[in-house]
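Look at the two complexes coming up: chain A is in both, with chain B in one and chain C in the other.
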Partner chain A sequence: MTYATAAPNLALAPTQPLSPPPGGAAGLPRLLPDRGAVPVDLRTHLGRYGRPPYRGRRRVLIPVMQESGLTGRGGAAFPVHRKLTAVVEAGTRPIVIGNGAEGEPASDKDKALLWISPHLVLDGLQLAAEAVGSQSVGLYVHRSSRLQERLRAALAERTAVGIDRVPVEIIDAPPRFLAGEESALASRANGGAARPAFKHPRVFERGVAGRPTLVQNVETLAHFALIARYGARWFRSLGTAEEPGSMLCTVHQADGTRDVVETVLGTPLRNLLALGDPAQGLGAPSGEAAAAQAVLVGGYHGAWLPASMAARMTLSNAALRPAGGFVGAGVLVALPADRCGIAETARVTRYLALESAGQCGPCFNGLPRIATVLDELAGPRPDRRALADVKRWAGLVEGRGACHHPDGTVRFVRSALQVFRAEIDLHAQGRCTAPRAQPFLPLPADTASTDADWN
Partner chain B sequence: MKKQLHVDPTACTGHGLCAELVPELISLDEWGYPILARQPVPRGLDREARRAVTDCPALALKLLHPS
Partner chain C sequence: MNGITGSTALWYASRATGVVSLLLLTAVVLLGVLVNRQGRLPGLPRFVVTGLHRSISLLSVAFIAVHVITAIADPYVSIRLTAAVIPFTSAYKPFWLGLGAVSLDLIAALIVTSLARAHISRKLWRGVHWLAYAAWPVALAHGVGSSTDLQRGLLLWLAVGCTLAVAGAVTWRLAGAARDVPRAERAAATLAQGRPRPRARLPHEGPASPRRPADYGRPADHRRPATDRLKEADLR
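Let's turn to the complex of A and B:
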């Protein structure tokens, strides 16, 4: 991973002159520094934003968050104020944990944000802790030594100037796809494995140490810190009325480049992804982007859309949900025309099957079988029963896990069967249109093999 | 409020006893794991449902208010 040097390609995002607001002017980016990807140190951060605007008592920021319409940026888009309220009402001595365990292999945005703008996240963590009246705060991040060292240094700097009211404990997240799932996080923070749990009671009621636990994605916390400063109205000055604000996206272009960009909810996907002209295929004149055949929205629990459909859509749940997709954590991938969508889907599904926590019968029985049959479908002349098997197993695993892993995997698989059905028909005749077999969608080299890999 | 049968899928090991006790509400998938009817337990099956909960060898079955 190269987040230290990978400059966010801000040219792809609608830009205005930056430097937010003292005073409320809107513009992008809000979360990342205005130029390049130079990490923001505490001095620069304080110079630009000042100290965290503590309110002096709990609950005060909750109606502000409600008015802002801020939703979780970890993927589920759950309204932040509702989580805050639920935690406050669930009991005393709540725990707050910032979730930076970005397990999605195609997503870089949380790592990039923590690396580049750690103090916004840490401000948000303090302010969220104040909002729910918490004295116990954690930050859950991958045990990458570089990132953790940097965060520890940032925390030490803050302690030295006395801007943190509650000490922050760093909690190791294992590099598992599901490590950031809320109940997996709670289990890990309790000293156990980062495996999802059956959710009765829920994490907000009894999560870490049996106490009400607020879990917020790190990007959500960074927005929180800015809304606390500049207000709900400022936040709403970007985005749509239903889905306000900006968000970070990890954008994978069909030519193989990969960037973290901050963009506005409601932006046309065409402005973020160079979709090329599918009619011209790969013979596009030089300077033209490689043509995309399909777009993956929402990551590996998300959905494929035909490129022609994606080209008419905006980055919003209002637009994507009716098509079976969703914004999620902002992963957007343009699949080039020279790769086989079924082969790509089969590879990722195999990975998802291996990343099952292995706890729920339908998931650990169903996902490997689905992956195997997708492999079959990716090859020439698959078994005639293969397609029916995938569909039946997809129906069998859906809704039957402790977490959403089977559901998300099934959503991804079903969308592939839909979007690449012409390709499936060709495979049945022994043909494949994709000239290149080289994998496109990113996957980590390792999956879990022992229990220790979940700690 | 009427309660509904829920299985903790992380605890269930697929013994299949529940499906024998309350076949009206529980069937087994092709791997032997229970598929539960998504409906409250009707009055006539209260006893059977409670028995399935107490007799589950993995203590994975629960009667909960619909969430």
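Let's turn to the complex of A and C:
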């Protein structure tokens, strides 16, 4: 079969005989198997989706992606077709890297996707490589031996069947919060430390080995593989007009359970999180949803929202942006009413400060100071100046890093100061509403202590 | 006492601009070290240090240019343009003027790479900028050796003062380099300097809880392991 004529509308139609698109009547799930978490092996994958629908020429898939409105699922929601175009126009011999680093401790969705549906990601990687005309492809994943072993086995299987056109190299990502930042990825792929760099030249112009580099989140690549098969219209059949499609979310319920779910953009947050009845408080009998006091959207660079406000919101940037939040990489956390929001924020801010790459003064000096004073605010009768200090320092570090680490941290801290204002006032009197002091937000046990931890 | 006449004006101008250049170059080196150590000048914002380092280095280029041009133009001794640029080719005091040519070339390299800094790699710029520590002593030696001005009186003390200042700054620079905190430890170092955190516990407001669990801040995942969608242990 040839694809010599590649008008976008032709590409919209399925390009080879296929089983019906994934998803039942509701159209979900698309990326994960219908039921359970049984990893999809190559035989099942091929039986369901067939071989990757190569177009035979570069650029052909770019207008399809434009029409689909697919945006990056790593957090920044950057339009995929614009990145593809930029890489194609930046020069010859580009490099394509699938980004599965997922440094966010509260996010599991990329790991889950790579574990359960690796072949969709690998299809997407091959198709994206074809779209920009790349012969060098990498997959950037955490130095987790079991996951990497499985991915290597999957790649070997694919090579044996002959469905991969370009060999894929697996690149080790250190377990750092910032390791998945695009320029940090480029630096790591070049053999250096996974530290972010200043923005110029941009990664898509000169990234790995000085060549134009396309970096896409692994979930984005999985959507890419499906859009290449079922077309832009199919993709847009879910989601909102501005933010089409589905996305994977890591959902942390107030009762402490944590799950990766695939959901449609524009879904009410109430449908994803059991927000409970805040008025009922802590006496809720077991089995009922624990009451949530606040919801964290967008992960540790995201924002807190009061539970009452979150209950009226939908999962979309259009709804969350005016409230200071954003969808990001789909991390949603319901903070139960029996924990202290300020103490949680202080813990996470301390972690974020220690995850500074130590390159920009405002970041490696400012964030630890902010974390220290937040710690004080989390205790009884903090210094009178503490709140003003946090606010002032937040303004001083904002926009002054090579990457967005200071900005994201400041967004998180500021939203906490607003949402938990009553709690701060109570701490000033030496009291706290939270009866439990057990940590709630997940944090890794270790942060970087030597430069080798960044490699 | 000899007055300045038409025939001696160039000679005096060359010597005077030479001395001023020495002062300016000393200031540039001191400010450069201050930039590197991220120090500040009392009462001035941080960016002033970088700004002064830059502006004074350009000013010194102007003075060095006048110094070289007047020396060439002065008919008292014949120095050719090539001798000012190519070291040790001068007929007059080949060694001492050669040192001047060496420092001139080094300074030219520093200025050119700094002006083109946005377009070249940071590594290249940094590498060339290390030459500053060679350019200054070579320039001083040129001054002391090629003219008797710096060998006695007030100007001798000036040269000694400049030398001591630069030596002190370089020592400070090296001592600081030895103490540099590795990047991975910088945030932790700042965190350790923070105010001591209050360790008292807050009495809570809500209904009494039977027991207060462990403190915040210990990374312990108390929650139930991930659901059937994802077996976390498989990923480790």
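Following the convention adopted for this analysis, the second predicted complex is superposed on the first by the 427 of 455 C-alpha atoms of A that agree within 3 Å, B and C clash if a C-alpha of one lies under 4 Å from a C-alpha of the other, contacts with A are read in each partner's own complex, and residues count from 1 in each chain.
We adopt the following convention: a contact is a pair of C-beta atoms (placed from the backbone, for glycine too) under 8 Å apart; a residue touches a chain by one contact, two chains touch by 3 or more.
Values in this document were obtained by computation on a predicted structure and should not be read as measured data.
Colleague: With both structures lined up on chain A, is it a clash or a fit for chain B and chain C?
Modeller: They clash: once the shared chain is superposed, the two partners overlap in space.
Colleague: Figure out whether A:Pro439 sits in contact with chain B (first) or chain C (second), or with both, or with neither.
Modeller: Second partner only, chain C.
Colleague: Which of the two partners, first being chain B and second being chain C, lies in contact with A:Gln359: first, second, both, or neither?
Modeller: Both partners, chain B and chain C.
Colleague: For A:Asp451, using the defined touch cut-off, is the partner it touches chain B, chain C, both, or neither? Pick first, second, both or neither.
Modeller: Only chain C; A:Asp451 stays clear of chain B.
Colleague: Of the two partner chains, chain B (first) and chain C (second), which one does A:Pro382 touch, if any: first, second, both, or neither?
Modeller: In the superposition, A:Pro382 contacts chain C only.
Colleague: Applying the document's definition of touch, where does A:His427 land relative to chain B and chain C: first, second, both, or neither?
Modeller: The answer is second: A:His427 touches chain C but not chain B.
Colleague: Should A:Arg400 be classified as contacting the first partner (chain B), the second (chain C), both, or neither?
Modeller: In the superposition, A:Arg400 touches chain B alone.
Colleague: Figure out whether A:Arg347 sits in contact with chain B (first) or chain C (second), or with both, or with neither.
Modeller: Once the two structures are laid over each other on A, A:Arg347 reaches chain C alone.
Colleague: On the superposed three-chain arrangement, identify whether chain B or chain C touches more chain A residues.
Modeller: Counted on chain A, the partner with more touching residues turns out to be C.
Colleague: Determine, under the contact definition given at the top, whether A:Gly162 touches first (chain B), second (chain C), both, or neither.
Modeller: Touch status of A:Gly162: no partner.
Colleague: Name the residues of chain A shared by its contacts with chain B and its contacts with chain C.
Modeller: Comparing the two interfaces on chain A, one with chain B and one with chain C, the shared residues are 195, 359, 361, 363, 365.
Colleague: Can you check the complex and tell me which residues of chain B touch chain A?
Modeller: Against chain A, chain B makes touches at 6, 8-14, 29-33, 35, 62, 64.
Colleague: Could you please specify the touching residues of chain A with respect to chain B in the complex?
Modeller: 195-198, 200, 359-363, 365-366, 396, 400-402
Colleague: In the complex of these two chains, what residues of chain C are touching chain A?
Modeller: 38, 181-188, 190-191, 193-195, 197-209, 212-224, 226-232, 234-236
Colleague: Which positions of chain A touch chain C when the two form their complex?
Modeller: 32, 36-37, 108, 111-112, 115-116, 142, 144, 146-147, 195, 256-261, 281-283, 338, 340, 343-344, 346-347, 350, 353-359, 361, 363-365, 367-369, 371-373, 375-376, 378-383, 426-427, 430-440, 442-445, 447-451, 453-454
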